[in-house]
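Only one structure is covered here, and it is reproduced in the block below.
In this document, chain identifiers A, B, C and D correspond to the written order of the chains, with residue numbering beginning at 1 in each.
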Amino acid sequence: MEQKLQNRRWDDSLFVAERGAVLTAWPTGVGVDLADAFAFHRKIPESKRAHGKLSSGYEQGRIYLQPRAGVALLSEHLVLLAKLELEGLADFLPTTIDSYTRQNRYEEAQKGIEESKLAGRSLLNGFPAVNYGVANCRKIVEAMSVPVQVRHGTPDARLLAEITLAAGFGDFEGGGISYNIPYARDIPLEVSLNHWQYVDRLCGVYAENEIIVNREMFGPLTGTLVPPCVSHAVGIIEALLAAEQGVKSITIGYWQGGNLIQDTAALRTLARLGRRYLDEAGFADVLLTTVFHQWMGGFPQNESRAMGVIAWGAASAALGGANKVIVKTPHEALGVPSAEANIAGLLCTRQVMSMLEGQPLPPMEALQEEEAVIEREVDEIITGVRELGEGDLARGVVRSFEAGVLDIPFAPSRWTRGDIIPVRDQKGAIRILRFGGLPLSEESRNFHHIRIKQRGESEKREPSFRMVIDDIYAIGKGRLVGKPR
Amino acid sequence: MLRNNRVVLGVIGADVHAVGNKILEMVLTEAGFEVINLGVMVSQEEFINAAVESAAGAIWVSSLYGHGEIDCRGLREKCYEAGIGDIHLYVGGNLVVGKRTFDEVEKLFKEMGYDRVYPPGTLPEEAIAHLKEDLADESATD
Amino acid sequence: MEQKLQNRRWDDSLFVAERGAVLTAWPTGVGVDLADAFAFHRKIPESKRAHGKLSSGYEQGRIYLQPRAGVALLSEHLVLLAKLELEGLADFLPTTIDSYTRQNRYEEAQKGIEESKLAGRSLLNGFPAVNYGVANCRKIVEAMSVPVQVRHGTPDARLLAEITLAAGFGDFEGGGISYNIPYARDIPLEVSLNHWQYVDRLCGVYAENEIIVNREMFGPLTGTLVPPCVSHAVGIIEALLAAEQGVKSITIGYWQGGNLIQDTAALRTLARLGRRYLDEAGFADVLLTTVFHQWMGGFPQNESRAMGVIAWGAASAALGGANKVIVKTPHEALGVPSAEANIAGLLCTRQVMSMLEGQPLPPMEALQEEEAVIEREVDEIITGVRELGEGDLARGVVRSFEAGVLDIPFAPSRWTRGDIIPVRDQKGAIRILRFGGLPLSEESRNFHHIRIKQRGESEKREPSFRMVIDDIYAIGKGRLVGKPR
Amino acid sequence: MLRNNRVVLGVIGADVHAVGNKILEMVLTEAGFEVINLGVMVSQEEFINAAVESAAGAIWVSSLYGHGEIDCRGLREKCYEAGIGDIHLYVGGNLVVGKRTFDEVEKLFKEMGYDRVYPPGTLPEEAIAHLKEDLADESATD
């Protein structure tokens, strides 16, 4: 049934055949008409196109800000986004999709809409775009004056992409790895990679009609102590897979680890490595941008402390350099943020970022070292994946997750081994305590080993899973590095 | 001594937040409980079946992602139907969408039949102390 | 009448003679009894002594946090400080004195107390300690469990010092320059320096009785674009003057300019230079610590933006290194902060500072250069002051302000020439556009010249006072460097 | 054309906030006014004397440090006593202690006899526009 997974651009025939099933999975699917979609996109003014805005920001060295937001009812969603644009000064807006839709449970999403109407408040954690269908979703794009992106966490986002792209959204988050392993339990990678090839191919079709849809990969993964080499490798691989299907604008991401030097090194190597790998694969014409996520792990409950975490994320982005920042809110530890909380996060971030404009971290040895380490590690991992793929990157990904050559810590999915154990070093940089099947060289391993040992000595305890748990709780308790209890 | 030290653990609904679940398993195990961890994305039926099968003393339901209000409704009724109506039902996490007062949330979930309801960021140790009490009480009244 | 100003330890006879007049300036003065004061101090537990806490923090590399706070009524002041200690986790507490007391207008302060009682809220911008007298002030020291400092801005603080020290306060802010030029209009430096010699001598007397009172100099001065070389020179000179009178514990300060490299360089050179000058003058036994003030200029009105400024101040302190941080609040632009606003500032700062623990900015060329620049400039200025003093530092100060060899921008006092015009460079570092009489070498001037020129070119305008005004408004408008309108 | 373009400027009471004052002087001057700037720590008497002497059209009082409520009371009465009862009195800055609603503050100072009251962070341009209006009005009714 499933087409054998390969990293090769889909034949039109295959794509068309599959489309039929996708568009009939839920009644709103029939509302999708490509010719009409292209026409709608062509009328969208330049200032509302993600690709154009990203590319001019890229050239001017601007850092854009974007919140997360989505509620069950369209009318409320429109009000919410308008506030974030006007009061929060967001450069990019989101439409965050609810969790039922993410699992293709459209009936439950429908129930959520109904119950929300009755309750007079959103019972869903996002906007159920599929249930609303093309015409309703277009209202969002029409009402805003900046680009709006679809943000979700959907292993099978084919129908969601069809509907939202047809509705004029020009920016779509996700990838076959980053929207599966952290967001699902049972879905095999063959399946999600295949479904995301569909999404990428769809964007390719748009691109062939001169409508460039930006595709953003979800860099943070589980948001919990993911070492940069792992998320970089995943992001770059997803970028290569997307480019193969004809995607022309790609954003790859990284989230704030908390150590300034590591974060700066990670941001700089992400842009450099991503560019190099795309160029080498013949995709020099693809625009590659980077996105930095403010702290993605457990937040402190206290709102003033949360603002501190947010501001430090803003500073790290400015010092490190990125093309866009995804902004958190002071409600993070508590629940889906109110518009006001979201605006607070945006303005705090904006203030810090513009105060730091023109102040990138100057060159220094510590940074060079960290950059070199990340670059070597990413090369080692991607080489490992390629070897297992025997010439095919997609196949390589599947086999690598089986072998632990790719592995994501703290994930809900049974399709990653979860053998890596990350832990912070004394300065808070994320290091690897157990490597599982990661194909890192002796030299690379040694570096981690030494740094973790230093911390163990200074805390007078053997580095162990206890230390890791302390690190997970740390930010919530007001620190970066978990203290022994 | 506890009469029953088996706890069924899981994250309900379409929720994939896995970190807290892994930690709860570890801490409960360290505290001497036998944990049947169903992981994430657990349906009400899976909770009931596991509890019946293992004759567990308690079910710990996590809901982080906001849909708890929808997902958690009816579990107590299903317990009655399955003949484990008096099992200890705990629930914790970020139970509702958005920031609401905990009093309100606690009331909502108690009305649904949960015995104990925990606010965001509860440290496991606190609930484990309650669990020990609850399961010990039981043996006392036996 | 006034004793001729000299940087020489006061004779006991002189001190005793002057004391009589000081203690009778307001009725509460008679409540001061030195023997009783010493006895009271001796019973204060170690954990509440500023000097002891500073010195152990200094050894452990800890950074303490301290808010500003003071209200008209004692009962409310006690509640306020208790909240800041318990909820705000302040390491040091303040008692900020109201502006009438600062100008020795005790009658108006009394009126302020009465009106505040009637209104049921504080009509004074601080706590009128002199009016309350020794016994009442002791209630503050007794009620708290961390050290409490007197913070003010009083050119003639002799009676304030007598009363608060006798009340058990062990930490007293101010100096003959830093509490005159930014805080008064007409008071000659001879007079304020003389009055502060009195205060320092009083601390010396305490020290001779084994009670070490910490003396903190007010580094920020006018809080408005003060170049680090100026505030460093002033702070170091005040430290030397204090040490001469027998002070054994001194804190000198610097405020966040906003450019990370300059701020880090400033903090590091402040500690280093201060130590060197004290050692060279034979005061190796004096403990020297540094305090960093979060942004002291005009704040943004929006509270989320204000939190961003606060957090960036916290990050700068952690990356740069200091022994204590004075924390601002999200109400800064609006009015004297509520306890809640103060707690918000404290917790936000605490969160960022502890996340950054162990992450001092690593060595780099840009930092080295900036440090060398500041060190050279401070040496040049202090040399200039010494030359004018012909062997006496105090006399040098007076003559230097006359000549513009020392000069503080934007000050209300007519005893500074106000000829310096500072302005930011392109990266936001504070540079000097007009040097007035500052005795800086050609090399030093050139550095400023080049940096300012770069900005002018990039903004395509001649650097001028217009640019300076844009810089003054900038943070309030969300930037560090003022944009041309 | 303005009948009177002289403005007395100063920071009242024991207030030493000098930065805004320097900027106001500059911007008023640039806007074509003749500014009699008394600087900081200005008493009510000094304001009155300067206004009488210069036959100024307006007095701009700044108070930043919080004691405005005490310091500013009675200035209008003193204007009457000095025979300049109808002079335009403006006041701005951080007029009271703490963060209070501006409506409340505006009412308080209007009751004291100030014609225009400005909240923290007012840009001078805004008030200058009002001043031009106010002084022009006057010439119109002359």
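As a working rule, a contact is a pair of C-beta atoms (placed from the backbone, for glycine too) under 8 Å apart; a residue touches a chain by one contact, two chains touch by 3 or more.
Small disclaimer: the values here were computed from a predicted structure and weren't measured.
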Remaining chains grouped by touching, chain A not included: B | C, D
item: Centroid comparison with chain A (C-alpha atoms), farthest chain; value: D
item: Centre distance in Å when chain A and chain B are each reduced to the mean of their C-alpha atoms; value: 31
item: Averaged-CA centre spacing for the pair chain D and chain A, given as whole angstrom; value: 55
item: Set of chain D residues in contact with two or more other chains; value: none
item: Residue numbers of chain C (touch at least two other chains); value: none
item: Chain pairs in mutual contact under the definition given at the outset; value: A-B, A-C, C-D
item: Interface residues, chain B side, partner chain A - complex; value: 13-19, 22-23, 26, 39-41, 65-67, 69-70, 94, 96-100, 120-121
item: Residue ranges of chain C touching chain A (in the complex, touch as defined); value: 258-261, 300, 302-312, 314-315, 319, 343-352, 354-359, 362-367, 426-428, 475, 478-481
item: Chain D-touching residues of chain C, taken from the complex the two chains share; value: 98-100, 102-103, 105, 108, 111-112, 115, 121-125, 153, 182-186, 222, 224, 298, 301, 331, 333-338, 341, 410-412, 465, 469, 472, 476
